[in-house]
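Two complexes follow with chain A in common, the first pairing it with chain B and the second with chain C.
Right after this comes the complex of A and B.
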């Protein structure tokens, strides 16, 4: 188990190294000269040259990379090319907004996904089960932001139950915080709920068909107890999807934040992409990949706890 | 070889093409028609669109549907219908780029990984996992920052991130094909690797790739619209995502402007999704969930009026040896069927048998003869969709066939014990052996925790396990097959049942272990005075421990009798065939061949 975790951790560090290095060079090679994006098209060549010197893109690319890397390993991701504030401060300011929404969305999808998945797994072919199948196609077809727009119209502007846009920090008001993140979280979670439910339902049915379930029944165990065995064995598949969802939601947050005008890392990504603000984009990449690695590591630990075979690896 | 007649009574296997089966599904057909229409609109856009999609007429700014402009104008004064039609072009073009690049990256990589394995496989799989774990949109935004927002480039990058889907499918298939003996044969006879891959892989991989492409295209279209919604892409190229983004700005005053592109987008992705799921249903081997109506119909068909001269099949086969009241088990005219598109498929067609207390009854027959299904019906644990009707199932002299499911289930673990065939798949992999033995004792027998633990140890010792402590602590994957079968036997007898049913209890075991397990069953049966019904295809097993014998073929009983009598003079040619097939001497083999060909001619 210990060596297994070590291996996964090393694999995660390798992933981080490969992705950030790749991103660094792709971004630099693709953007080339970032100054028009940063200063606008009206800037004079002299202004552009001054800017290039200031942000250091007049140096050889490898020097820049070494400079960035040697700072990055200490946790310093440089300064934004636009505001000249530390990238870390920018991220720290935006992260709570996105994490609030994504975390809440993950909780919602876990709770409802599991309940719906079990309900459908217990009664396959029922009306409820068919509705899930249909909903999974419909939600696949409707992009999250579209749902977001509809939710805003209906619940915020129409009924006035929630805030239409903007973010309220929980330090100011917990109730306000919940009201401000509910709609974006729901918009994000709907697709994830259906995916988790479908995955759980399918693996539930698959496990239910396995020999050992018949043997458990033949021992006289009650339906509830047998269901517990089935659930325990279908949990790994559902947990894997849940972990994938969390990462997916981090990405999906970009669009949802735009719809709900939340100043999170999504909007920061969009702005930095438009301006060619490479240090911020790199900071965002590192942060996201770290999230991915941590989540996957947690998943491995949980899977090891659920599935004894993993432990022996 | 050439003389052997082709079995005429086997229904010819219908090989209906995937395409024809697809056309029988209404959801799939509708989705396909919609998709074809959208493709036509995209291809014919220059001829279909009434106006230039970028032509600005201030007069029609935010004008509703009607007049010259069928769907009205948008907030920029442009004709909505024309923009929708050209948007279809942009959308499908982008999706096509993504799918093609994903296939071109994913499929060759998957084939290489699956076929060559080893380091190639590990490296490629690591890359695939890595691609799947990075948020796509973030990467696309980074690429978009530099590429001058060129959409084709973005869609190729998206294709790279979609490639793992194809990679997984082809890798799995390639691994499966690699294990096939004919691949080795091809290699030995000097066929080159690329040629093997081309000829043998293409066909196996084709259907799931089509499914994956439908889903990939749907995802690509959604992602593309999302990027356009975020303002990426040229303003001069009409696109649905851009139209949605524009529509959002005026949603409160002119909601329709948002509605049209949303419908177009939703319809396109949904039809792709329906095409994909319909195809996936058709090619998967997943068991269809029978509806309640199908189950009801199966029951009615099975229960149809029995006994008439024209339908000899409806008369029960087999005989009883004991009075009802004296039976540990008695089955009267049992039928088991599964719903199928053509009505109901009967796998057990009128079976009657019985076993007295303390008697060992063997049920023999080749696979597919219905012996295991008969036993599942006795337990009341038929697989999904299975329906059993009978004139009576008696356990210990009591009719139980008509009992409600819950009361029926109450017999299990108390009156009836069950020993399964395959030891390794019949233990729950997630729990320790101790937990699996103790749980039924506590719940079913109502024992205290300590008493249940003590009983579990005691039974394990009884079934011949020496290091009881280690086995109790172990998970199923940590013990051997023979050990697991002993554990399962211990579980079956720990509730002291009066009837033990064993389904091929030795088939999955090593030959040396087989005899021991059989001997154990025999001992336990005598010690506890249980009736033992043992399903097998092995006459060695029968000769070893059975008192009486039932021979089954095609869901019916062909012969019932005492073991010695059947061995000495089998009444049915099929029984004789089975017996000689079990004997290993050369003469028997020759006779068997003769008997087999002759028997087939005679029977058909």
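Right after this comes the complex of A and C.
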């Protein structure tokens, strides 16, 4: 197990190094001179030069990279070129917003995806199964933006159950926090629920037809115990989808953030790109890659627990 | 069995949601409930405004005028403010006087004002601020003609100008004279948080930067009567749908509005206000024909003006929120001349005739920049230029690059903020080089130059009539191809009235009153 985790961590560190190095140079090459985005176009050449000196982009690119890297390994991602506050402060402000929504969406997806997936897997071709098929097509076709607006109209403006926009920190009010993240999480989760349910259902059917299941049934095991065996063997596919979904939502929650006015990392990424705020972009990149590595590691551990054969690969 | 469990699950989920709503509604900051707008019949004590953009900087020297006004006006006092007609009025400067040659401005300062860090506001503080503002990346533009600032005594400052500047006081009132603590300026601390003497105290622990800013009114501010609301929340909400939803749900009671939502706002019984804010059209950066010879011929520029269906574009792209006109002095101002709006009524035949007379019957080729913000107008531009035979090669770029690069193109699509002061319009849009007016080229047009000189030398009382003449001449020459003046629109709940100000994308707090 130790060697398994060590290997995964080393490959994660390598991934982190490659992605952040690539992002650093690509961002600098793509943005070029960040001062117009930061100062506007009324800045004089002297003011632009002063800003370049202040943020250190007047130095050779390799010097800048070494400076950034040597601080980044200590957890210091530098200072935002826009607000001149630590990048870590920006991330600490935005990350809980996106994480709250994405984590809640993942929990909803896991619970409902598994329940629906098993229900359909147990009764393929039933009305419920056909409804799932139809829902998969519809929910994949519906734009997230539209879905968010409909949820707001129905449950925030119509019924008044939830907040239409904004984020409430759980430190201020746990109830307020749940009210503020429920609709965006549901908007994110709806598509994921059917994706996981569909994946689990197909995997469930495939395993259900395998010889060992027939053997279990022939040995007279109860339907419940057989289902547990089938589920254990069909879970890896759905778990992989769930993990991929979490990472995907983390980077792709911007539409939902816009609809619900949640100041999360999606909007921060967009704003930083527009302003040419490279330190924040790099901080976001590192954070996202760390999440990818951690989620993949957790996935591997869970898969290994569900199916011990995986640990040996 | 499965069906029963599923039904039970759904019931549990709905019950949980209902319970959640019930148990948390008491903590909600939504006094208006789902009827929106908040407040109901009671006097509204808290302003919750959706401002569109986040504050650019708490340092007045680095802040934008556009959407920063409400934020900065909460925590800073200006030397000069504006009234509803955009005329400069006293604030921390209680009165002022120009020298006979209008090259020296003396200002008497209010006494007894202290900044939040205990520093005293006096002439020395005002000098430190004015020097800081003059050196500022964004604020410096207002003080281009100011050469020196000095304290004459403890409550008098004097500004020396190299050139007469009739728009200086207007720009100071617009948002270029916020006074900050001199100690915070010296420590370069303003970017991290405001230190002013304004009517409200910034409540940092209840605010979430970039998301929500909370302010509470000071008890003893010298101008307390101007600010009716005890508490103020300012929320930057870029997405217009989210902002409107927040307004409908009562999370906001005033907002920067989208004209597309006007029918629903009327239905909700909200207060609606609007005012011209930007001109939309084609900026001819190359009026002398240095890059594209054709554009140096007035007939070609006039042909383009005749070709565009301005009223149609205003309806189709601008939701009808504005006024189709070929002028860029505000349509509700004194320089604007309604009778001239018929000069370039859409007429493609006339446009082609003018092009032919100029020797460009077959059109010509030109490169123009394009960024996502301007894509809404691109189809109309493509069709019109195409009909005229003008072959446009669009060069795509991001918005910061657009502002950087557009000035290097012979002409470009423009959405440019307007000024509420007529002399500021002259300076901003005609005589001073800006990214959106990269080549003023006034000197190359003797008739224009003579009129500009006449206006700039005239007594203020005589300037309006002279500006009208200049406006007529510029329209005749198709100096720009203005399609329309777009309005900024604001919705507010009953009990709150937003007074728009041309020049401010969102008005400062003194313009948001009960009503």
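Odds and ends about this structure:
Here is the rule we go by: the second predicted complex is superposed on the first by the 311 of 313 C-alpha atoms of A that agree within 3 Å, B and C clash if a C-alpha of one lies under 4 Å from a C-alpha of the other, contacts with A are read in each partner's own complex, and residues count from 1 in each chain.
Basically, a residue touches a chain if its C-beta (ideal position, glycine included) is under 8 Å from a C-beta of that chain, and two chains touch if they have at least 3 such contacts.
All of these numbers come straight from a predicted model, not from anything done at the bench.
Aligning the two structures on chain A places chain B and chain C in clashing positions.
Of the two partner chains, chain C is the only one touched by A:261; chain B is not.
By the touch criterion stated above, A:62 is placed in contact with neither chain B nor chain C.
By the document's definition of touching, of the two partners only chain B reaches A:220; chain C does not. Touch criterion met: A:149 reaches chain B and chain C at once. Look at A:274: by the touch rule set out above, it reaches both chain B and chain C.
Contacts of A:285 after superposition on the shared chain: chain B is touched, whereas chain C is not.
Of the two partner chains placed by the overlay, neither chain B nor chain C lies in contact with A:46. Set against each other, chain B and chain C differ in how many residues of chain A they touch, and the higher count belongs to B. Look at A:73: by the touch rule set out above, it reaches neither chain B nor chain C. Only one of the stretches 38-46, 56-64, 110-118 or 362-370 belonging to chain B overlaps chain C in the superposed arrangement, and that stretch is 56-64.
In the superposition on the C-alpha atoms of chain A, the part of chain A touched by chain B in one complex and by chain C in the other spans residues 37, 149, 157, 258-259, 274-276. Of all the residues in chain C, the ones that touch chain A in their complex are 2, 6, 9, 17-18, 20-21, 23-25, 27-28, 30, 33-34, 36, 57, 64, 137-138, 140-141, 191-192, 208-212, 235, 237-239, 241-243, 245-246, 248-249, 251, 398-401, 403-404, 434-435.
On chain B, the positions that touch chain A within their shared complex are 126, 130, 132-139, 141-147, 218, 222, 225-226, 229-232, 244, 248, 251-252, 258, 262, 265-270, 273-274, 277, 287, 289-292, 376, 379, 381, 383-384, 409-414, 416-418, 420, 422, 425-431, 439-440, 443-444, 475, 477-478, 488, 491-492, 495. Those residues of chain A whose C-beta lies close enough to touch chain C in the complex are 36-37, 39-44, 47, 51, 83-85, 93-94, 115, 119, 122-123, 128, 149, 152, 155-167, 169, 173, 175-176, 178-179, 182, 258-261, 263, 267-268, 274-276. Every residue of chain A that touches chain B in the complex is listed here, in rising order: 11, 15, 18-19, 23, 26-27, 29-32, 37, 124-125, 129, 133, 137-138, 140-143, 145-146, 149, 153, 157, 205, 209-212, 214-222, 225, 229, 232-233, 244, 247-248, 250-252, 254-255, 258-259, 269-270, 272-276, 278, 281, 284-285, 288-289, 292, 296, 306-309, 312.
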